[in-house]
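Each chain gets a letter, A, B and C, in the order it is written, and its residues are counted from 1.
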Amino acid sequence: MAAGFELRSVSRVYDDFAALSDVSLRIEDGERLAIIGPSGCGKSTILRLLAGVDVPTGGQILLDGSVVSESGRVRLPPHRRGIAMVFQDLALWPNLSILANVKLGLAGHRLSSKEVDYRAAEALALCKIEAIADRRPAAISGGQQQRAALARALAGAPRFLFLDEPFSGLDLVTKAALLKDISRLVDARNVTLVLVTHDPLEATSLCHSAVLVDRGRIETSGRLEELLDQPKTELLRVFKHVMKGLMPE
Amino acid sequence: MLPPSKALSLLILLATSGVAAAAQGEVVVYATVDDIFARPIAEQFTASTGITVKLVPDTEETKSTGLLNRAIAEKNRPQADVFWNGDPIRAEILKLRGVSARYRSPNAAGLPAEYSDPEGYWTGFSARIRVILYNTKMIREENAPTSIFDFANDNSLRGKVCFANPLFGTTSMQAAAIFAILGDSAGRDYFEGLTRNRVRMVSSNGEVRRRVAEGDCAVGIADSDDAYEAIKDKKPVAVVYPDERGIGTLLIPNAAVLIANSPNPENGKRFIDYLLSAETERALAEGDAAQIPLRPNVKGPSSMRGLNDLRPMKVDYRALGAKLDELSRGFLKQWADKNRP
Amino acid sequence: MISCDVLEKPHAWRSVTVIAILAAAFAPALPLLWEVVSEGSSQSALDASFWAASFRSVAVATVVVAAALVLGVPTGVLAGLYDFPGRRPLLALLAIPLVIPSFLWAIGLSQFRIHVGLSSDGILSGFTGTVLAFLCWAISLVIYMTLVSARRLSKSQIEAARICGGERLVFSCATQALLPAAILAAALAGILTLADPGPGQILGYPGVAYEILLSFSASYDFALAAKQCAGLTGLVLILSIPVAVFIAPNVAVGLLGRDIVSVPLAKDNICAWAASLLLTFNVILAVILPLTGIVRPLFTGFPAERALQEVGRTVLNTFVYGLTAGVLAAVLGTILAIAVGREKTLRGSVVVAMFVILSLPPSLSALGIVKMGTLAPAWLDPVLRGRFTVGLASALKFLPVAAVLAMRSFGSTSPSQCLVAAIHGISVWRYVARILGPAILPSAGIACVVIALLATAEVGTALLLRPPGADSIPVQIFTVMANAPEALVAALCFMYVAGTAVLLMLGWSMTLEFRRHGRRI
């Protein structure tokens, strides 16, 4: 039985707009995959379908060989897929403190309140935000909010971590520090990472493999290093150019 | 669809219209008489004189702060020319507050003087009567109460009598009349007897009618037009004229009042003349109002007894106003508080 | 040229404008309150009877608030997040109690009780009956407030909760987030019950508003009534300040609104069924039961001709009163919202003031306007004695509703839009006309419709202020109901309710149309 997610000829149509067409993809346990592409190409849609918060119009999504979503139906609900997700707008609940938001991540697990407290504290420490645990999201900086969203995702020790462009609006220094910490945490916890991004720095910092999506279809996929070495598309060429500028030889 | 600016202009035009300016050929009448009775009379007046009547009807007093308050508040620059009251007590209040003007209509001749203000501030005409209403499916004719005192004394009626709130409307007038005739001590005893006999206080005469008609109460006391309405609707109710051998049946005449300093005093006088005419008494008798003409030569409604066949209660209507004022702040208020359901 | 950034900066004009508008809202009550000071009353206003009645009113209000929250919050949350067959018609039906005079609902319940043969000492009378009559209105308000707030939750928040803990967690998080708005709605409903004498009178549990009505309609003692109104206002202040201090900031933050992608309605089976059941239950309780009592006489015949005659005579006035109130309130509410801006202190103060305005008995203000009209010169009659006057009085009464909607709408605009406009040298008038105005216009339109319906249902004001010969449909219902045939009264009520339902559906379609064109409300 294959471990991990598999998309088989998945499509998603909204009214008369095809966001995804016939997408097939495998994400194996332990992989660190970047889904890259221009804005509006369907990257976030793939993530949402994997998470089970959206329903495919056609095709199947499998987890460890079992169908979890198929045309018009979600068979396995999101909270049972062993995933955690950090959204583009972070999705922190404004009326809850950071600690309460992090504890939210453990709501689907059957844990005692002591265990919940312990895990939440651990996640906050991992993300280096213990000092702001009692504050509300509106009272902390953008970078701290990112870490809070990440802490919530990691508190439940997920098998899969989905990041949907979570670093928008951060300054370079903060972003670099976050990327480093996420990479360390993902390694330490052996989490399968799927990152949606259009930023080459994020992709190359966190991921080993990549899938390039354009207009709802997979253009190419493979090891990121190889894709950048011999870029076959304009986007990859731009990626390579930017990486050269950031890290000149 | 109108463009927004034109729609707004139209709205402003409509909204700022409707002002009761002192115009020729118009009279403004505030009426506490039921709209369905007053409107045909107003229309008849317009048809015969060409004067437009702007009728402003009222609700039952228990439902809202009513027209009388509006008239009192407008005293210094009234909009109304005439106040058509359904009872003389409210007319007396208008007199005491300095809202009304003296006017002795030539058409008042032929109306018994005891139903009008001797000083000429209001004139009584066409009356309702306070009647006992009973549900014919619950009480047989021979067992129907014949006196309002049965409500307090007859054990077989315990818990079965509906009585409107005595702080409002014609029930308040009846309460004042009972105190005026029996004296304060006997009046209090009567109401305390009602309490002992578990009389059920409801919000209005209309509610009494509804509850008796539906069988929620076996017996109630209301006005003759309420009773007539229930009979017309073919409800299982019948009427008793109370205390024919005792204190008599309370008559509640309408009262026409000319408003002091009104915008159209001459038209107001003409409208009062029309109200006091035999023609109006006939119309109110023959129509759904089923009111009793005070003129002996005008035939009453077939469904009700005439004045000559009744034993009217002997009351000084002017004095009832002051009596009611005293009672509504004192005993009656406490009684109403104690007897709310 | 006044730069548009004046709309985003603290300035004295804000307080001045807020005070001016609130003063206008309170002004009609002043003539009678002045009588208290200058003439006094021979009677002590705050006697044992007044306090006993106040206790009864507070007891009813407390139970109404609690029951409205218990029934309304889960229903509002579920109806706001899940789709199910019949969702729209049920929600449309649920809006009816909001726009029908409370007297009518109480009479309907009373008639229903008699029809089914329940005892007059039973559940549909006295304390429980009065609570139920008010609950019809309060449940609708809480459900709507919760539902509208639920639609303002972001898609990603709901999905995050869904991923963490499934639908159970979604429900729990949403309820927690929406509770302040629901409590505010319930508190508003509770406060409105204090000023409404109707249901308590009819169902046999009269409260403090009844005492005030007695002073007006049995004693004709304006000074006494005004004193009692002042007492009631004091009571409301005491009750509303804790709400304003603890709840209003949370709601005020919610009032700011955010530009978010709202969560699409999910079609989860269990939750959709639960939503459907709860909503149906509430509709039966709040709408079907009283409506059955009201329209029962129609089963024996529908006097269409007579009813149409009455409606024909009064429908234009009904529209004029309602629309005037709606337009005026929407304009004043918008100006108030712009003046409040994003200032926390001003916002909290305005929320408290809104509570007080809603708690004032309508007759206090209406009679005050009558007095003003009497004292004013004749050339002011179009303003103080015309159809406009009815609309004006209702607009001032329901200003709080328009203000809350406008504050939410203003709050959802980004301050940076204004600052960018200022950098480009755009004047405040141009900015309001071209950018801010169009952004908040849909919300003002909705406020206009809602207030038009609320104002039409508020009979007391129209009774006292309508010019001679200018009755509206609800006024006509109330003036004929004493002795008109039951079928006629029922027919008029039915036509009024049906007309209201049509207008509500129109308002809903307008909202959907705005949304389809990408405009935020």
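Convention: a contact is a pair of C-beta atoms (placed from the backbone, for glycine too) under 8 Å apart; a residue touches a chain by one contact, two chains touch by 3 or more.
All values derive from a computational prediction rather than experimental measurement.
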Other chains in touch with both chain B and chain C: none
Chain whose Cα mean lies nearest the overall Cα mean: C
Chain centre separation (chain B, chain C; CA means) in Å: 34
CA centroid of chain A to CA centroid of chain B, Å: 78
Rounded Å distance, chain A centre to chain C centre (Cα mean): 45
Where chain A touches two or more other chains at once, by residue number: none
Residue ranges of chain A touching chain C (in the complex, touch as defined): 48, 51-53, 77-80, 83-85, 87-96, 104-108, 138, 152, 156
Chain A contact footprint on chain C (complex, rising order): 154, 156-157, 159-167, 169, 172-173, 176-177, 180, 250, 253, 260
Touching residues on chain B, where the partner in the complex is chain C: 8, 11-12, 14-21, 28-30, 34-37, 54-70, 72-80, 93, 97, 167-168, 172, 200-207, 210-211, 214-216, 225-226, 229, 232-233, 288, 325, 328-329, 333-334, 337, 340-341
Chain C residues within the chain B interface of the complex: 43, 49, 52, 103, 110-111, 114-115, 120-121, 125-126, 198, 201-206, 213-214, 216-220, 222, 316-317, 320, 323-324, 327, 363, 366-367, 370-371, 373-375, 378, 381-383, 385-388, 391, 459-460, 463-464, 466-471, 476, 478-486
